[in-house]
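Two complexes follow with chain A in common, the first pairing it with chain B and the second with chain C.
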Partner chain A sequence: MRGSVGRKTIIAFIGPAVLALAVIGIGPLLFAAWTSLLNFNLTKLRDVRFIGLENYANVLTDEAFWAAMGRTFTLLGIALPVQIALGLGIALLLSQPGVGFLRTLTRLSLVVPMATTYAVVGLLGQVMFNIKFGVVNQLIGFLGFSPVNWIGDSTNAFILVVFWDIWQWTPFVALVLLAGLTTVPGEIEEAARLETRKWWTILRHVQLPFLIPGLTAVLILRTADTLKLFDMVFTMTRGGPGAATEFVSVMIQRVGFRAFNLGLASAQAIILLIITIILSQLYLKLVYKEVRQ
Partner chain B sequence: MTGLAPGAGRRLAPQIALLLLVILFCVFPFYWMVTTSLKTQLLALQAPPAWIFEPTLSNYRAVLIDDGVGRTLINSLIVAISTTALAIALGAPAAYALARFEFRGKKDLWFWFITNRMVSPIVLALPFFLIVRKIGLLDTQLVLILIYLTFNLPIVIWICTDQFRSIPYDLDEAAILEGASQFRIFRSICLPLAMPGVAVSAIFAFIFSWNELLFALVLTRSNARTAPAMAVSFMEGYNLPFGKIMATSTLIVIPVIIFALIASKQLVRGLTMGAVK
Partner chain C sequence: MDFRYQASALALVSGLTLAGAAGAQEWSLEEAAKPYAGTTVDVVFLLRPGYEAAEAMLPEFEEKTGIKVNIIKQPYENSLGEQVRDFVADGDLDIALIDLVWIGNFAENGWIEPISKFTSNPDLTDPDLDIDDFFPLVLNAFGGWNGEIYGLPFDNYSGLLFYNKCMLDDAGFDGPPQTWDELKDVYGPALTKDGKYAFALQSKRNETQSADSFARVLWPFGGSFLDENFRSNLLSDESLAGLNFRQDLMQYMPEGIVAYDHAETVNAFAQGDVAMITEWSAFYSTLTNPETSQVTDCLAISPEPKGPAGRKPALGGFSLAVASQADEDEQAAAWLFIQWVTSKANAMEYLERGGVPARQSVYQEAGVAEKFSFVPSLVESWQEGVPEFRPRFAEWPEVTEIVQEWGTKIMLGDVTVEDGAKELGDRMEAVLEKAGYYDGRKPLAQ
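Right after this comes the complex of A and B.
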């Protein structure tokens, strides 16, 4: 019975979606590819001309671009392990029996950071970490620390972005890993607990295999989302001070919409797109194998 | 807590303390946002900040009546609902085809749909801005409704494909023997059964569209300005109106949190696009 459907029927079902995504997804990309070959600055529209691959040569040799790329992966490299460690801790905590009401309340609280609008997270960062009236400096003041210039200092501003990324996405990792933990068959876990009392051994040999699909999904989505990261940084630091928090999407936005060099920005965007496609194909092959088996 | 053995309290104490810490960590920024929105400008800028004060709704009155945040919220609502409806109308049948029919290139189509979820919006914002500027559609809701499909369609297709797969074939087979067409099976049998998945994907599409900033910032000015873009536009100059900014933020965030709590059981499935259930 399956597959015995006419070609016309299939096209009728799937055609509209494919067409829509082609028009709004692929069309503009082709246009961006064309723009990337032009000398195209919105403030010098009289000087638009074809310059071949010059924009690409400029991007590939541009230290600022690779610094932004490096910053992006540094953020991922610091935040993701912390999110996985904390998320695993929270997931294990929630999978323990007892205090049912408090566990439900915790699960509901975990939704709050994930649901908070990214742009609002950045605005909250400005309010809570303000050097003068910020609540964070007040709280660390109680502990005897002097006020910290969070947003105006390069290192601190970077730490701030890492902090909010961890705040917003640790709950996500926790819930994914919790879902994984519930797939561990009860008998296997009980049998293992009779063998050993070390939680680490049980985690490593019994629970971990069931967490792998979730961890793979987390790795893929966090990588993609870090490459996309814009809203929170834009509303909190605008990439500054200097270029301290200028991650790759923030940088492309600045070159395109604040310096108006759309040719160069398009070349940067195409390079980012290529990197994204390579990474997501690589990861998808991984997760696709995991999920479909 | 009834029926616990003596001494269980001591064993549970660290667990309770840690859970409370997690709750505090998650909810405190939200609490701070809401309380700041209830402070006067003078109080919002007071150093060190006040924890106990007399709340006022003046910021809400100011942003809704004087600054036109109400209109941007309506814009956000119109855009989010329209793009969600469109994504479901286009995505649900496509998901049905991916779940039920065999055809060449199915796997590649799958990869392409999900790659769209990965691409940074800035990649599309640049060319979209140039195209839309040329055809004179800058600052219209239509443009946002269309461009939000780039992330909504993949979500709808992924979650719904998953859902359609879980519906047994027996029902279709019986219907085919009765002489029903595929369209009829889809509309009368599978779609009603897939409603939970459709609803979840709709909630996600709505949340992502409602929260979106970059496209709104680049593609709208005043007429079609959405609420997040409006919140950002308060951030000009010195002496930022933080009370007003937090009031606008609260108005943006509250509906999302309500929706997310409704869908909290399916949150993981939605965010991982069905990879984790």
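Right after this comes the complex of A and C.
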């Protein structure tokens, strides 16, 4: 078959995609890599000059950058396991036989949070968690508790971002894992249930192998998404109070588009990209290994 | 009728007519704009009352001149980035909207033209421009850089003390506090009770933290960002006194004040939850509008309280300048618009529509002070303000990011006032060193 398709046809089909990727993906990436080697401040264009790896040295020795990176990984370390645990729980519940209508209804409603634009989620958070007028504090008030300062307190603001991320992305994990569960052959699962009544054993030895591809996708996508989390935080807390919710992408935006230091911001972005690639490779090696074997 | 009398009368009438005609030929907006009819000028406007006022007046200008003014509306937070990207990319903007802290940046980059380029052209310049009619402080701070005037003051603010007369009356006060210490030590405890607060100082981590919160407590206490050598002055006794004062004052402010921007602060006051705020004069129209304020009957205004170093109220605002990237026709059209919208003749209408003009003459007109209760305080503040309330050099965008981060950290107690001020000062000096202020590459202009 391969021989029957001409080279021109292949180029005609793949070419546009490669071209689009080059223009909107690879081109800007190369430009960012080049910019990261320059002293490049948008408001001081007369002073643009090649400075080698100086921006990288500045980033790597900048406490504020690593603090932002630390916050980002703390968010990832808390939110991702919770999303997977809750998502798995929801998926297992929905995969039970005899919940047909409920499953359809739940699937539909699960789409709502993740279909909501990040920025809108942030704005919703800003309004709902407003200390004085927010609906959340009103509900808390009905229960007899005093209002909580959600956005103006460093710890609470961080908790709020974690909570909001879990709310928005648990449904995604649930849907992916639910799809994985539907690939478990019924006869194998039935045979396993005859062998043991322990749900954990069934999950571990029968269902989990079928969930691994989905789980790997979840790990990679959610890690990349969390590392570049910006819109929701920007609209809700703008990185504050102080630097409490200044995650690494919020910081890059601040340096690049508010202080206009595009050289430094590009170096930060490239370092973030490298970290994301390393993590993705680790996931593929460690988690996906079982399936590949 | 005596012929000689008739002849004299005819001569007089003819003379007057000719003089009138000659006068009209001298300068009129319609005539000046004729060569530029059909030109479109692009300008960024903010979502604030002064801009709505100008927009409402715009049809008259467009009708008279045939020049189309294309307004691009942006929230304040986006407006600098939007303009910088446009100027760097040689874009479409013909007029620059300049916050006073951007003037050094815009002027040094050559993005704006000095007004002398146009005032030297009698065809383009209204003989009644009367540049001296602008408040000198406002003209120099908003539109001037390094001895040259680039922009004409357009949307002009001074910090004012808005207070709730009814709440103060109930607490036994017959007037507002005269000093910051009095506000904290006397009014603070008396007015903070039953879920109400004496004061709110907008301190969100954006330009609000730098301009409205941090700088506001530096100057009245004798502090400043920089000393005369452009080294950090934040560890001086005066600066630290101001910053410590802010920490003490927080006990009389609503919880979570570091998340309060202008909207939250004005809203808290408008709802009657806070007795006093120091806010920009631009919010007068919001607070006097029954649709947006429940305290219209209790609203009173005074200048900001004094500190040990005097009043030194917050100063902020915007000028309009002609963009260098515009072509010749667009520049001329842009200048005609700027001149018209900031003119003496339009100042009253601008004021009545919710704007705050910087023309001295309009505030001297009979009845203005009575009709707009903020006027006497505003005029007083513009006579006592500090032009470098926030440094206006090109490095301010980088410096303000540092002030915003560390100013908020200080308020939250994440660092002590001293440690925060030191860290902030060190980082600020690093930016200025890189810019070349310490090795003589740049003049010490702010």
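As a working rule, the second predicted complex is superposed on the first by the 274 of 293 C-alpha atoms of A that agree within 3 Å, B and C clash if a C-alpha of one lies under 4 Å from a C-alpha of the other, contacts with A are read in each partner's own complex, and residues count from 1 in each chain.
Keep in mind that, in the parts below, a contact is a pair of C-beta atoms (placed from the backbone, for glycine too) under 8 Å apart; a residue touches a chain by one contact, two chains touch by 3 or more.
Predicted, not measured: the structure shown is a model, and the values here were computed from it.
> So in the superposed three-chain picture, is A:K132 touching just chain B, just chain C, both, or none of them (first/second/both/neither)?
In the superposition, A:K132 touches chain B and chain C alike.
> Between chain B (first) and chain C (second), which, if any, makes contact with A:T106: first, second, both or neither?
first
> Determine, under the contact definition given at the top, whether A:K8 touches first (chain B), second (chain C), both, or neither.
Neither: A:K8 stays clear of chain B and chain C.
> Compare chain B and chain C by how many residues of chain A each one touches, and report the one with more.
The partner with more contacted residues on chain A is B.
> Can A:G152 be said to touch chain B (first), chain C (second), both, or neither?
Touch status of A:G152: second partner only.
> One more residue to check, A:K44. First (chain B), second (chain C), both or neither?
Once the two structures are laid over each other on A, A:K44 reaches chain C alone.
> Mind working out whether A:D231 is in touch with chain B, chain C, both or neither, as first, second, both or neither?
Only chain B is touched by A:D231; chain C is not.
> For A:F257, select first, second, both or neither according to whether it touches chain B, chain C, the two together, or no partner.
A:F257 contacts both chain B and chain C.
> Which of the two partners, first being chain B and second being chain C, lies in contact with A:R197: first, second, both, or neither?
A:R197 contacts neither chain B nor chain C.
> Show me the chain A residues, by the header's touch rule, that chain B contacts in one structure and chain C contacts in the other.
Overlap of chain B and chain C footprints on chain A: residues 132, 257.
> Mind listing the chain A positions that touch chain B in their complex?
For this pair, the touching residues of chain A are 1-3, 5, 7, 9-10, 12-14, 16-18, 20-21, 24-25, 27-29, 31-32, 35, 90, 93-94, 96, 98-99, 102-103, 105-121, 123-124, 126-128, 132-135, 137-138, 141, 167, 171-172, 175-176, 179-180, 213-214, 216-218, 220-221, 224, 227-228, 230-231, 234-235, 248-249, 252-253, 256-257, 262, 265-266, 269-270, 272-273, 276-277, 279-281, 284, 287, 291.
> Show which residues of chain A lie in contact with chain C when the two form their complex.
Per the stated touch rule, the residues are 42-45, 64, 131-132, 149, 151-154, 237-244, 246, 254-255, 257-261.
> In their shared complex, at which residues does chain C touch chain A?
80-81, 84-85, 88, 105, 109, 204-206, 254-260, 268, 273, 394, 397-398, 401, 405, 408-409, 412, 414
> For a test of understanding, state which residues of chain B touch chain A in their complex under the given definition.
Counting only chain B, the residues touching chain A are 1, 4, 8, 12, 15-16, 18-20, 22-23, 25-27, 29-30, 32-33, 36, 44-49, 90-91, 93-94, 96-98, 100-103, 109, 111-131, 146-147, 149-150, 153, 157, 169, 172-173, 176, 182-183, 186, 207, 210-211, 213-214, 217-218, 228, 231-232, 235, 240, 242, 245-246, 249, 252-253, 256-257, 259-261, 264, 267-268, 271-272, 275-277.
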